[in-house]
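Chains here go by letter, A, B, C, D, E and F, matching the order in which they are written, and residues are numbered from 1 within each.
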Amino acid sequence: MVMNMAHEHSLEEFRRYREKMNEKILARGNLGIKRFFNLDTQAYLDGALPRKTKELLGLVASLVLPCDDYVTNLIIQCVEAKVTDEESFEAFKVGLIVGGSITIPHLRYAVDTLEECRRKPASESLDSISGYSQ
Amino acid sequence: MVMNMAHEHSLEEFRRYREKMNEKILARGNLGIKRFFNLDTQAYLDGALPRKTKELLGLVASLVLPCDDYVTNLIIQCVEAKVTDEESFEAFKVGLIVGGSITIPHLRYAVDTLEECRRKPASESLDSISGYSQ
Amino acid sequence: MVMNMAHEHSLEEFRRYREKMNEKILARGNLGIKRFFNLDTQAYLDGALPRKTKELLGLVASLVLPCDDYVTNLIIQCVEAKVTDEESFEAFKVGLIVGGSITIPHLRYAVDTLEECRRKPASESLDSISGYSQ
Amino acid sequence: MVMNMAHEHSLEEFRRYREKMNEKILARGNLGIKRFFNLDTQAYLDGALPRKTKELLGLVASLVLPCDDYVTNLIIQCVEAKVTDEESFEAFKVGLIVGGSITIPHLRYAVDTLEECRRKPASESLDSISGYSQ
Amino acid sequence: MVMNMAHEHSLEEFRRYREKMNEKILARGNLGIKRFFNLDTQAYLDGALPRKTKELLGLVASLVLPCDDYVTNLIIQCVEAKVTDEESFEAFKVGLIVGGSITIPHLRYAVDTLEECRRKPASESLDSISGYSQ
Amino acid sequence: MVMNMAHEHSLEEFRRYREKMNEKILARGNLGIKRFFNLDTQAYLDGALPRKTKELLGLVASLVLPCDDYVTNLIIQCVEAKVTDEESFEAFKVGLIVGGSITIPHLRYAVDTLEECRRKPASESLDSISGYSQ
C-alpha cells in the first residue's frame, strides 16, 4: 500500500528516480523514444491554451486512466504553474465524476502529493531537465 | 465504420437518442443513477475553474479513455462554451500525446464532429434538458 | 452514432454476426482460442455463485471497461437468467458510480438493449450455440 | 513490488491512510466531491440486489479495470458482507476471464488481502466511517 | 451493431474517411499533432525489429485496449507486411488471453476485417499517404 | 513510489511472491482459474510465431494497459527468450507511441527491470514452475 502513501522522502526519491531513468532511457539512443519525450515535454508549454490549463488537462487524464506516477508528475507541474488548490480540486472533481470511484485511491494520492508540494518549495525546475518527460 | 463517420444526420440522431434514453433511464426512478446524472451535469458549471476549462478537461478525458459518444458530448459543449478551434486542437494535442496513437481514430471523429458543429448553430441548449447528462 | 441505437434489426444482426464470426474463428483451429472460448462460456454457469449473479458481474465489468458489444451479450444473458429490471438497474448504478460518467453512453445503450429484449422472447438460447462465446 | 505484497501492517496502514485522506479531501468542502463520496458509499447498500452481490460487482470491476487499492476496499467489504471464499473465487474467475491475464497480479493481491482479512477480525466497521468512500 | 460488421464498402469508407480526416487534422497546422503523426508512422518501419513484428505488436495493443478502428488499421498493415493468417491468429490468441473475453467482440471484428483484406488486393499503399497515421 | 523502483531485492521478492501466491490460488481448486493459468502459460510457447515474438507482444500489451507487475513478468521472460535490448527498446517505442506518455512511468520501470535482469542470471526458469502464470 506504500504506493499510495506519499511523503517527502518518496517524492524526492520519485524525482531522482524519474530523472535517473529518463537519462538512462535517452542514453540508449532510440530516436523515436527521444522524439516522443520531447513532444511530451513541449505539449505542456504555453500556446492557444496556457500551460496552467494544459497541466490540468494532463492531471485529469492521469486520474481517469489512471496512473499514480503520472498524477505525481502533473501535481508537481500544476504547483509550478501556479494552479491554486481550489482549481486543482475542481479538476479532481471532473476527473472523479468522469472516471468514477475507481479514481478515488488516486485522488487520495493526488491530494497527499499536493499537500507535500505545498509544504516545500519545488526548488528543482523540472522543465530545465534536458530530455525531461512525464 | 459508420461509428466514426459523423455527419449532420447522425449528430441529430445522437442528440435525440441521448435525450430519449436519458429520460427513459431517469423514469426508472433509481435514485443513485439520478443523483449521479445531476452531479455529472453540475461538474461542468462555472466554479473555481470556468466551464470552458472544465469542458476541455472532460474532452481530454474522453479522448484518452476513450469514448466516442463522450467525445461528441464534450465537443458540443465546448462549442457552446465558446472554446475556439485553436484551443480545442491544443487540448486534442495533449490528449493525443498523453493517450497515444490509440486516440487517433477518436481524434478524427472529434474533429469531424467539431466541423459539423461549426456548420450549424447548436440551437438546442443541452444544459436546459432536465436530467441531462453525458 | 448508430452503434448506440439498438433496435430489433440490429440485435438480430448482432446475434447472427456473433454466431457466424465465432464459427469462423473456431474453424481456424487455434487451440488456445478455442479453449478460451470454452472457459468464457463456462464462467457464467451456476457454481458457488448462481449464474444470475455471474451475469451481473460480467455486465458491470462490460460497463466499466467499457465494451458495448459485451454489454449486449450480458444484457441478453441477464434476461435469460431471469434478472429483473430492478436488479439490472442496481447493477447499472454500481457500474455507473465505479466507472464514472464515461459509462453513461454505454448505460443508455444497455437500457435500450434491455428494453428490446423485453419486447420479444429471446427465443434463441445462446448457451446452446456450440462454441458460443461473448 | 511492495504494492503487491499485502501483510497485516500494510492493510492497517491502508485503512488509516484511506480514512485520513478521505477526511482531508472532504474537509476541502468541494460539494461535488462530497456528494460523489456519499453516492459511492450508498451504492453498496442493500437494495434490489443485496449488499453482498453489489460488493462482488465492485470487486470484479476493480479487478478488470484494474485498481489494487480498490480491490483492497472491496475485499474488506466482501468479508464484512459475509461473502464466502468460494463465492469470492467464483467472482475472481469471472474477473480473470473477462479481464484477462493482465488481472493476474491483481488477483494474487486480492487473494493475499482476503487471507489477511480472514486471519483477523475486521473490527473497524468501514460503513461507520463518516464520509467513508472507496 | 454496424460498427462490428465489416464489409467491403465500410472498409473502403474507412480508408477514405481516415485519409480525409487525417488531411483535415494536419491542415490545421498544430505542430505537436503533426510530429506525433509522423512518429506514429515511423514506429512501424523496419528497425531492430522487422516491420512485420511491429505491426503485430500494434495489433495486440489495439486488441487489448481495445480500439476497433485501430484494429482495422493494423490488420490492413499486417496484410501489407505479409503476416500470414496463422501468425495473425497467434497474435490474436495472445491478445485474447492477455486482454480477456472483453476483447472477443474486437477479435470477431479483426477476423472479419482480415478476411475482407484477403478477398481483395490492398491496392492503396497506406505508407505512401503523406501524413498518414493510425 | 517504491512500486516503480526495482532493485534486486524487490525482483527476488516479486518472483517468490508470485510463485507463493500462484500456488495458493491454484490450491483453492477453482477449475476455471486453473485452466486460465495454463492457457496463459501456453500462450507464449513457440508456435506460428516464435516465443520471442509472443513475449514482445505481451510486453507491449502490459505497457499500454498498463500493469507494472505484468511488465516485470514479460521483461523476465523476454530476457529468457534471448530478446536483445535493441529489440526490447523497439517494442518499448511501439508501446510508448501507441499508449502515449501515460506509459512513460511504466517504461522507466521496464528499463530498470531489464537492467536488473542483465546484471544477474535469471537462474530460476519460470516456465518450469507448475501452474506458473503471469
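By our rule, a residue touches a chain if its C-beta (ideal position, glycine included) is under 8 Å from a C-beta of that chain, and two chains touch if they have at least 3 such contacts.
What you see is a predicted model, and the numbers here were worked out from it, not measured in a lab.
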Note = Chains in contact with chain C and also with chain E, listed by label, are A, B, D, F
Request  = Work out the mean Cα position per chain and let me know which chain is farthest from chain E.
outcome  = D
Remark   = dist(centroid_CA(chain A), centroid_CA(chain F)) in Å evaluates to 26
Ask   = So what's the Cα centroid distance for chain D and chain E, whole Å?
value = 38
Cα-centroid distance, chain B relative to chain D, in whole angstrom = 31
Remark   = Shared-interface residues of chain A (touching two or more other chains) are 2-3, 32, 36, 39-40, 43, 61-62, 64-65, 70, 89-90, 93, 96-99, 101-102
Arrangement of touching chains [line / ring / star / complete / other] = complete
Ask   = What residues on chain A touch chain C, complex-wise?
value = 64, 96-103
Task = Give every residue of chain A touching chain D within the complex, in rising order.
result = 1-5, 66, 85, 89-90, 92-93, 96-97, 101-102, 104-109, 111-112, 115
Sites on chain B touched by chain A in the complex = 36, 39-40, 43-44, 47-49, 53-54, 56-58, 60-62, 64-65, 70, 84, 86-87, 89-91, 93-95, 97-99, 134
Ask   = chain F touches which residues of chain A in the complex?
value = 2-3, 6, 10-11, 13-14, 17-18, 21-22, 24-25, 28, 30, 32-33, 36-37, 40, 43, 61-62, 65, 67-70, 72-73, 133-134
Ask   = Tell me, which parts of chain A touch chain E in their complex?
value = 32, 35-36, 39, 42-43
